[in-house]
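Order as written gives the chain letters A, B, C, D and E; numbering starts at 1 within each chain.
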Amino acid sequence: MVIKLIALPLIAFVIGIFFLGLFRKITARIHRRYGPPLTQPVIDIIKLFYQKSVSHGRLFDFGIIVSLAGSLAVILFLPFAGICPLESSGGLLVIAYLLLFAPLGIALSGGEAANPNISIGISRKLILSLGYEVPLILILLAVMTHYKTISIAQIVSMQQKTGWAVFSAPLFLSGISYILILPAMLGVRPFDIASAPQEISSGVKVEYGGKFLALATIEHAFHLFIGISLFVNLFLGGGNVFVFFLKMIFVFIAGVFVHSVFPRFRTEQAVKYLWGWPALIALLGLVLAVTVK
Amino acid sequence: MAKKEEILNVLKSFRDKGYDHLEMVSCVDRIKENKFEIVYILSSYGENETVILKTAISRENPQIPSAIPVFENAEPYERELHELFGIDFEGHPRLTPLLLERKYKIPPFRKDFDTRKYVKEVFDEIPFIEDKK
Amino acid sequence: MTLKILLLTAFGGAFVTYFLGKVSSKLRNYFAVFVSLTLFVAVACLYGKSAENFSYFKFFGNTLVLRVNSLSWFFAAAVSAFGALSVIFSLDYMKGKENLDFYYMMMLLVNAAMLGIVFAADLVSFFVFWEIMSWSTFLLISYSGKNALPAGIKYIVMSLIGSMAMFFGILSIYVNFHTLIISEIARGIVSASSGYKIFILVLFGVTFGIKSAVMPLHTWLPDAYTESPTPFSAVLSGMLTRMGVYGFLLFFYVVAGASFFFDIDAGISKFNYILCWLGAITIVIPTFIAMLQNDAKKLLAWHGIGQGGYMILGIAFGTSLGLAGGILHTLNYSICIVLLFMSVGAVEYRCGGVRDLNSLGGLIKKMPVAFAGALLGISGLIGLPLTNSFVSKWLIYKTLILKSHPFLAFAALIGTWGTILSVYKFLHNNFLGELPEKYENIRKSPVSMQIPIIILSSAILLFGILPGIPLKVINTIITSFGFNSLNVNLWGIASETGTLNTINIFTAILIAGSVIWMLFRVGKKSFPVTQDDNYAAGAYVPAGKYNYTADFYAPLFKIVKPYLMDFADKFFGWLCRVFTGFSEGVRKIYAGDVGYYVLYILFFAALLFFVQSGGKSW
Amino acid sequence: MDRNKISKWLKEPDKMSGKYSLWALYFCTGCGIIEVPPVLTSRWDAERFGVIPVATPRQANLFLITGYVSVKTLRAIIRSYEQMPEPKYVVGFGSCPINGGMYWDSYNTIKHLDKYIPVDGWIAGCPPRPEAIFVAVTHLWTLIDKGMAKGYVKYREKYELYRRNQEKVLGTLEWPPLFPIKDDGK
Amino acid sequence: MVVSPVLLIAVPLLLAFIAPLCGKAAKYIPPAGALFNLILSVILIPTVLKSPMIVSIGGFPPPFCINLFVGPLGIFFAALISLAGFLISIYALSYIRERAVGKYHTLYLLLLTGATGVVLTGDIFNLFVFYEILCISSYALTAHNAHWHRHGTEAAVKYLIQGSVGSAFILLAIGMLYGFFGTLNMADLAKHIARAHSSVLFIPLTFFIAGFGVEAAIFPLNAWLPDAHSVSPAPISAIFSGIAIEIGVYAIMRVVFTLFGAPLSVMSVLLIVGLLTLLVGEICAFRQNNIKRMSAYSSIGQIGLIVFAFGLATKSGITAGLFQITSHALSKILLFLTIGYMIYSIRMKNYPDKYVTEIEINSLNGLGKKMPLTSLGFAIAAFSLIGFPPFIGFSSKLLIVKAALLKGGIYAVLMGIALIATVIEGAYFLKVVQGIYFRKGEVEGIKENNVFILVPFFILAALIIFAGIYPGILTKILNSSSGELLNRIGYIGRLPG
């Protein structure tokens, strides 16, 4: 039990950082340029830890710690290829609520720094998350009602028996709509409104110096890991470690392709899109899940 | 060469004739005749023509009524001329500095302003900061 | 007997404070605090004892009785606790204002009336205390003068309609069953015809719907909360609106009995379905309207309505889990909302009565305790895992999903996200961002305001981490209603379809937090910097103009605004206009001269004549 | 390019990470800035060397002063430089920051940039070609390796000299001094 | 010593004519007379409860003798009238100062005698005589304030015309009955009517109801009430809505129940009319701007409720009606007296001598601080009229709703509508209470200094709260009086000789 408690965050950290490196490498290659080495995020983080930083007060530090702790806690609750130490206490609902820690933590620390760029970034981030929550909740509800349980481990084990959820009748639509909102969940290019370097000078991260920026990148890495592993768990069954990792990479690459091609949305465009097709498909999926017992 | 006093009604007459767009107000420093030549460039969109109006004022105390009553958009041009040539526009609401950071005894665009001497006095005086080995 | 003495002290205390006030204001203040504290202690030590009806009064021949059981103890403890805290809070808050004797008397009177409601065992005393509560609330709401008066009128008219409906219902029960004691009625009502049951349910549903602001009947709530003095709006939102929930519980489970509530014949499908859907609507729309508000108290008021929806959803759902969730949420929500109103009160007290969210900012630097309270309050409202309402929301969601009602769960979850956005706007515009100069030199909030805030914040965390404490009491309530009890342990609920274990969550977050904190210490020590040393693209930070608070969610409102009109309010406004127009018309009858009057008499005689000749009865 | 020598990483990780992830502050000062976008995009990919543009000085540790520095821009440059976190390097790009370049006699430009903020590296040329930036970056690597790129330390020790020069040119500065000035009498 | 009820009528009549003689001391006579009546009626209550007393006056043989029938109903009304009269006369001691003081006191005593007479008499013509005394004295009293109120005389004349039309109807009806049966004694008449089955008898019934209805202010006939109340001085409007209207209702009920034996069609008509009066009264009161007119309309409303209760024609309905009469009398008198004192002090401050049409409600704003006791009285009266619990209004409303529900069916639905009216009443009364306490108004310099005026407030408020908490004491006497009203045969049985 305790080994799992330590192993899971480490795996998540490694995979997250690897995803970040892969992310920049693939976008570079799509831009037809050579691109940084895969280990560039590690170098950046080490450099940031050696950089002196600036703090705007205790809440400024407390906020970033809370947000990262929230993401780390979610990882503890999220089963990764069968390893799930704390699965027994609360299941999907707890995860949905633990996910709130990350944006709120950053919002608190950003608010303390009294910079309008940050406030605009926070308000955009919250509106965006409201946008993609509508279809996400419909999807989660469809899965929960279909499998009649709220604990992910049981969902995964049921999928072992009855085949991947993506291909089962009602959840096919939910799977599609999950993919449609994946860029928004991961904060990837068409939806990176909250941390847009050009308009609001990297939004929430304006005042983040050395170690704060390091923690923020780690939190982004964890967020990538959570978004994708949730999808794999709920829809793709998720076998042993290697198969699980393979599925994650496949889903991740789909997200990156979307990132490097699309220009950035305006906030209301993003919300209009998110409440349009993905929400409709998710609703259909839910109706199907309820009717088809 | 319109007289300094009736510059306003001349401008008004041109404007009524159709030249309703004041493109620029600029100034030529005639140091030899000890005069400033104020140049108004007017253009009309209708007939697609431009007209140039010149007037001369003395260099010692350069004063001219501001063109704002006739053309409101003359305000930044006149502020720039005030800052760079030291021309005083009567009736101008705010003749505050527009472009330059520092204060200059002789307005820099005047011919008698010697930049090299100025640079030697101001910038070269500032000592280097040697890092003693 | 103790209940009778308890109520006597409560009501007596109220009047004594008024006359003490004539003597000296300090004496009155301390006496008020003393009375409310003794009430709380008395109620607390009543725990567990469920003394049955003992009569305290004769009224028109039928005896009026009081009783204590787990349900009444649960609400009584909450009422007396919030009453005591708000009286302590108002010691400082109301210092400068006039006729304070009246204010303190009314505060204690409202608390006493609520205690009366909770302990009443028969319908007439229930109604008597209910009426005393509503007219004393009316006087308190319209206490602060000019624009509070229309709010007061709006409140009293709607609560009068409610209480008239209840009055009619109570007497029709009395006439049909010849008894007023609730326990006897429960036995009698099962045999009544289902048509009559529907009639009773609708009547009491309207009354308690108005009181707990279910969607179509909620229009009085925003003005009442904003206009009443803050300590009272804390009590008003904390417990008074929950009397509606108590009423629902009492009438739908105790009086009507659990079984009856569900097996009404298929004609009306299920009465509780309508209530569930009303609850769901009440969750979603007000939380989004709350985002539009610029006044801190109005924002909290709209949340009052929103969160009320959760309770109705939990209660109307009727499984033991849902019921437990609903009741627990009543307690949790009231703790959070009272805490938030107190922090708004502290800010308002220090900043000279300013509540406009657009002009405040950066107060965390000056009032850290109020900020901490507000932070815990809003995390309570949202339901973050460590806070108490996470447990209650988890319970409600679990029942909704397992009973395959996903659309209700969807509405509830969207409500949570709506709360997050509007509640963060409240926190950000009030405490974060740039501190304007005019608030440079305000001092910390006074001690008498900090005590309640600290107590309530610790209550939120305590119930969040160890939900067993309230759940044990609620379990006894549920079993008293005849549901099967949940196996509750100190840190959550163990059940086969997914357990809740708050200790695990707490330890997980603790470990994660400490790991990250150590990681944070690894980096170089950060260099503290003041507010104006901020990135402003190379320029110096313009003081006072460097704050983004005005219409905080502009892009979202472009999409959502047209759907957020408050239709119920418009409908009631139109109704009033029609009525006043009609009464103008009716008034014309009397403005004629004598000739008409005599004609009226002849007309009346002729009419009577016609009726008599028609009727050959005698 | 000793990026993947693990042994060096273990010996002095701060120097190595400082070298191989130079985040340049995207701050357009003069005419040279039109050279920076081609450096960042696909033809001369700067990201290979770990150089990416960042929006705020708080996140940056490389400050490219591209082109002539007018008196007004100097105020913004000083403000941004002081807001950058500690291990920070400044590279003067083009001849103008070195000695005023072709505006040597202009009343409005700053002649020698290093009188006001410490500069670690210079790139000649007016404006220099993108490859010159890479030369500068590699040169900066060697400086960091040898520990000679200590501009920020010099700024910290001789702060009152710098401050006096800045005030001599710009008149009064609105923001308080970054480091406490011990003897501001002189 | 034998204490015969005749004194109840004789003494105030005697005093009424002594009053003008004693000049200055005239204002102390009405309280004395009312007090005497009060004590006498309270003494008589126990004896009457055992068995109603029959007293014949003037020694004529039965068919022509004028006899007083003093049952529990009569004595209850007498006690109520004398209590109200006593309190109002104390109030009037210091309130009536301007001209025509002497005449005011005589008319006041005449009004009291008329009221007690109507209640106690057993002879139909005698009832008409006392009724006329009551009406005429009230016409005169309405015009008392004519000197400063512009519409003073006009309202009195309006009241006079309507009243006289009404009394004409009553006289016609009595003439008819006398023509048919040749007797004037009520019990005798009841016996004959019970036996006579001719259908023509409903004509006198209609005339009776129309006649008495004018005084009882039922819906179409009450046009005089709002003007009369807003014009007459406070004590007089208190007497009107406190006693005069109730006497009208008593007369209708006495005629309908005892003489004509409560036929179903008449009862349902009364029910509908009661409900209409209630609704119209409340709705008109909602938009009023003059405080006195508003409370006049609210009296119409309350009377509608009383008639509705009587219309139920069951024992509990009648007890509820009687209880409502007491609660309305007490709270309405307190309301009018407090309003009168407030308006008096405002009139004295703002425009002491000019003609004035009416006092706006918002001129009462902010009086809460300056006249705390009076505004408290006003608030208690308003709350009891609306029916909030600790006051008497609540228990009376409880009884009425219970009676209506006991009858069940259509009556419950009508009761529901009646409850809506109370909501409207709550709305406008509470708006005024709010204005007095919580609104700012220019009220400097107003003090309440007069003890004489505050004493009746205190007694009335105490009665309202006491009866609200312990309604038990009233129900005993009310039950027996409603019983008497219902058993017509018992009434006939007591025919003397």
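Heads up, the rule we're going with is that contacts are C-beta pairs under 8 Å (C-beta built on N, C-alpha and C of every residue); 3 or more make two chains touch, one makes a residue touch a chain.
The structure presented is a predicted model; accordingly, all values stated were derived computationally and were not measured.
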For subunit B and subunit C, chains touching each: D
Chain at maximum distance from subunit E, centres defined as averaged CA atoms: D
Contact-richer chain pair [C-D vs C-E]: C-E
Inter-centroid spacing, subunit E versus subunit C (mean Cα positions, whole Å): 44
Subunit B and subunit D: spacing of chain centres that average the CA atoms, whole Å: 37
Approximate Å spacing (C-alpha centroids) for the pair subunit B, subunit E: 95
Residue numbers of subunit D (touch at least two other chains): 56, 58, 75, 83, 86
Residues of subunit A engaged with two or more neighbouring chains: 50-54, 201, 206-207, 209-210
Pairs of chains in contact (touch as defined earlier), listed by label: A-C, A-D, B-D, C-D, C-E
Subunit D to subunit A touching residues, read off their complex: 3-4, 13-14, 16-18, 20-21, 23, 26, 41-43, 45, 47-48, 50, 53-56, 58-59, 61, 83, 85-87
In the complex, subunit D residues that touch subunit C: 27, 56-58, 75-77, 79-80, 83, 86, 174-175
Complex interface listing, subunit A residues touching subunit C: 5, 9, 48-57, 59, 61, 64-66, 68-70, 72-73, 76-77, 86, 88-91, 93-94, 96-98, 100-101, 104, 107-108, 111-117, 119-120, 122-124, 126-127, 129-130, 133-134, 137-138, 141-142, 144-145, 148-151, 201, 206-207, 209-212, 214-215, 266-268, 271-272, 275, 286, 289-290
Partner subunit C, residues of subunit E touching it in the complex: 157-158, 161-162, 165-166, 169, 199, 202-203, 205-207, 209-210, 213-214, 218, 220-221, 223-224, 226, 260-261, 263-266, 269, 280, 283-284, 286-288, 369, 383, 386, 388-390, 394-395, 397-399, 401-402, 405-406, 408, 412, 415-416, 419-420, 422-423, 426-427, 430-431, 434-435, 437-440, 471-472, 475
Of all residues in subunit B, those that touch subunit D in their complex: 99-102, 104, 108, 113, 115-116, 118-119, 122-129, 131
